[in-house]
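See the structures that follow.
The two complexes that follow have chain A in common; it is paired with chain B in the first and with chain C in the second.
After this line comes the complex of A and B, so read on.
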């Protein structure tokens, strides 16, 4: 067997594997455009006979999705800005030095990274209600998400800073730059790509966050899309095409960003988690 | 003052400033709640005392009450099943896929990356999709299983107490497999190729090479990935909320969902805090394992 045939065979097998693995996504999109009766047909159709394109507009209007997505965006952007502003500096210092204090700091951060949100939400909710933060529910959720996701961000960005050669910064210092100047003019631009990838990853997480929003935001007008999807799915629902349309509208931007930046996201992710 | 300022701009103060602010933020919003959680698990908390810090201390009463409840042990057992089955499934499927993509044909890395969409999607969306796929009468999974002759009648994944936990496990395996696979691929690509060339010259077959080279060389990554899997599985909440809500009758309930359910559905914050404390201890142990297995990396 020549190398070319072998490669082609393997590629075909890989496509089939990916097809099987990604079938749930296909099923979401295909269910979306099925009509009510076709959806419950036995045997199910794997290609819609009568695609219903207007369903996207109907669900967007009917479920008031604009508001939900807007809230998701507000929460995700807020959390990402808090994390980026605080986390970048922290990651920089943790990457630059190697001593016992840095080790302790890293250990603390890794420990805080693993606390499950659904277990931490009880004390956070009670504490926030005592200091009155629950009167600003979206801000409360932003702070909670920031605390939850910042350790992960610091670990990822620290890996980026580690790959910036320290000699460049030292050269800038010798040339008379201050530490602040060297940080903003030399180190930060060099680490820009890695930081951007980490920001995107954190954004996607925050955009889909559920536990904190569900627990702390009572007012429907302030709830993000994940909570909206949850309340759309009642226990005995049969509007699956509408629910899948909701899910598709919600998830497609994330999938688009991911597919476009796939290579960078994957390499950024792996460099932080273990290498 | 001037010295302080110049240190902030040009010296040690700059580093300390950069690090202390985020650490203070994290300690306030993660560390304090952690301690508060422990305090609450020793207190009597109800709707009326929710607003005050000084609640009556009840010692270990919450813990005793918790373990006196009939559903506690089944839920702990469910958690163990969920964790073990999810990690085993994610790891085995992920390892298989990683080995396959390791053969390195053109397009392999791009296709492999595509798998990760399952991991970047919001958990609620993954849950919604699987909820529909697993539905009893019209679910496509039942259809496929029936057509291939694996089952005779429909399985009511979400409402049958024997299957509801497995419904969530299936979804969770799907969700986590890609992440396992990507990390395992990184570990695989770090194995020096000449080891294989040497063993091939010595006449080792594929099977022997896998057991004597691949597995031993992967030991550190496998440890880290399983610890990471444990951490992620114990964090899994969205799938329960989206697929079974812990039902029917707690058949698919696990501690991380139960803790939330007690606090926010039954308003028993003290019990919720108590379970959280117990589970956080487990998570901490897992994370120590994880930190230890990535230690050489952490220290650079």
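After this line comes the complex of A and C, so read on.
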């Protein structure tokens, strides 16, 4: 078998696999604009005969999606800010000092990453209700998400900091800068890309977070879009096109960010890891 | 002739590891001092202690008369050129040069002027707008130097600045650094593992091994009167030959054993029967006809660069000889070897110290 045929076969396999992965996404978008009867037609249609574009406006209005998306944004931005401010400092220390305590710290951080949210939610709920945090449910969710995503962020950003040579910092010190000045002037600008990528990744996680929000936020007007989508679905739901429209509105911005930045995200993820 | 840098009884520990041991060093203002030694000898640690990047465990470190033991790097007013150059990748050449001035709060117009002046001296004028990644190795090296020069510091510290350059450029930059040093009248401390660099550039050479200063002095002093076998073997290329010998009965001669025992009269006092190691520099041995030299040995290898000829003798231990010109000798030939008794270095075999006289 020649190289060309082999390449073509592999390419075909890649296309098929990508098709399988992307099919649900395609189905979501296509179902959105189908009419009620077309949705349940057998055999199913792969392209709607009568696209219902007005459904997006209807769902946005009818489900009060603006409020849900706003809550999602508040929660995601809050969590990302907390993680970025605390995590960058933590990652820097873990990158620059090497001793047994740092190793233990890293191990614990990775351990935390193993625990699933659904396991952690009960103790967190009890703890938060003890200290009265549940009176500020969005803040409570922000803190819970921050605790959950912090390890991931710290591990990624630590790798970024490790790729910044220590000599640059030393040069800045000899050039007359302080430790703190050297960090903000030299290290932070050089680690910026890696930090940005990690921020985007945890933002996307936090934007779609469900378990903590569902259990801690009872008031409908404070719930994020993920919980809103869930409450849309009852046991006898059949308005799949509306649900799919909701989902489409919810994920399209995230998808767009990811597609626009995917080159940077992939290079940011591997640059620290390969060194 | 004031001392710009003074170290008294300096020690440095990393946990239990003793990296610098009782360092006594005085560096004259305006001098070029080379710290040289094999890797792991503590030369970089010593330099980093001068810069303040490492703290010393005990002793006193003075720069320009002030005790600097606990002073952070930014207040020491020394400039350092790193082995990797450590140029800030996100800044242009000009921003790299003027970074220290910016921190000091120098006005923008003045910074620009200073950058232009220094760039003119080091030939970087047309590169001021570039980023470090767009420069060649030699150009980066120049930027690193210029970044130090622009500050007019109390001392320049060089940490193996030439080791990343190719051989031809290294020889060129060697001269350039020395010329710059003379022009600026600066005090420079230069770390290298290359003894040729140390010998050619420095006024004062400090040889370190395992955190101890083995010997310090002018390059020729070290070459002519090495204090011990380590220094003797470290300075000079090709390295000095060492042959085992024992002190003669009259205390004025040595008995050399290269297969055949030979007595050589020597103008120094040795103990009869003392185990010795004699050092002979390859360039101090002359070839003679097979039966006319003080020694006679078969040739193992002849290497010629055209101007210089390197001979290796088939003896144990191996003897090497170097001389200018060419030789008709071929591998397997027997040749005579001559040397002046004054060019023999004598070391005690046990202590490895130089036998006085």
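Criterion: the second predicted complex is superposed on the first by the 252 of 275 C-alpha atoms of A that agree within 3 Å, B and C clash if a C-alpha of one lies under 4 Å from a C-alpha of the other, contacts with A are read in each partner's own complex, and residues count from 1 in each chain.
Here, a contact is a pair of C-beta atoms (placed from the backbone, for glycine too) under 8 Å apart; a residue touches a chain by one contact, two chains touch by 3 or more.
From a predicted model like this one, the values you see are computed outputs, not experimental measurements.
When the two complexes are overlaid on chain A, chain B and chain C sit side by side with no clash.
In the superposition on chain A, A:178 makes contact with both chain B and chain C. Once chain A of one complex is fitted onto chain A of the other, the partner contacts of A:87 are limited to chain B, with no touch recorded for chain C. In the superposition on chain A, contact of A:230 is made with chain B only, not with chain C. By the document's definition of touching, of the two partners only chain C reaches A:165; chain B does not. In the superposed pair of complexes, A:129 makes contact with chain B only, with no contact to chain C.
More residues of chain A lie in touch with B than with the remaining chain of the pair chain B and chain C.
Vectors from the Cα centre of chain A to those of chain B and chain C enclose 90° in the overlay, to the nearest 10. Touch criterion met: A:17 reaches chain B, while chain C stays clear of it.
In the superposed model, A:186 lies in contact with chain C only, and not with chain B.
Minimum C-alpha separation, chain B to chain C, in the superposed model: 8 Å.
Overlap of the chain B and chain C contact sets on chain A: residues 178. Chain B meets chain A in the complex at residues 9-11, 14-15, 17-19, 21-23, 25-26, 29-34, 36-37, 40, 45, 50-53, 97, 100-101, 103, 105-111, 113-118, 120-126, 128-133, 135, 137-138, 140, 143, 147, 174, 177-178, 182-183, 186-187, 221, 224-225, 228, 231, 234-235, 237-238, 241-242, 245, 256-257, 259-260, 263-264, 269, 272-273, 275-276, 279-280, 283-284, 286-287, 290-291, 294, 297-300. Those residues of chain A whose C-beta lies close enough to touch chain B in the complex are 6-7, 10-11, 13-15, 17-18, 21-22, 24-25, 27-28, 31, 39-40, 42-44, 86-87, 89-90, 92-94, 96-98, 103, 105-127, 129-130, 143-144, 146-148, 150-151, 154, 162, 178-180, 183, 201, 204, 207-211, 214-215, 225-226, 229-230, 233, 235, 240, 243-244, 246-247, 250-251, 254-255, 258-259, 262-263, 265-266, 269-270, 273-275. Within the complex, the chain A residues that touch chain C are 165, 167-168, 170-178, 181, 186, 189-190. Remark: chain C residues 51-53, 72-74, 76, 78-80, 82-84, 86, 88-90, 99-100, 103-104, 147, 151, 157 touch chain A in the complex.
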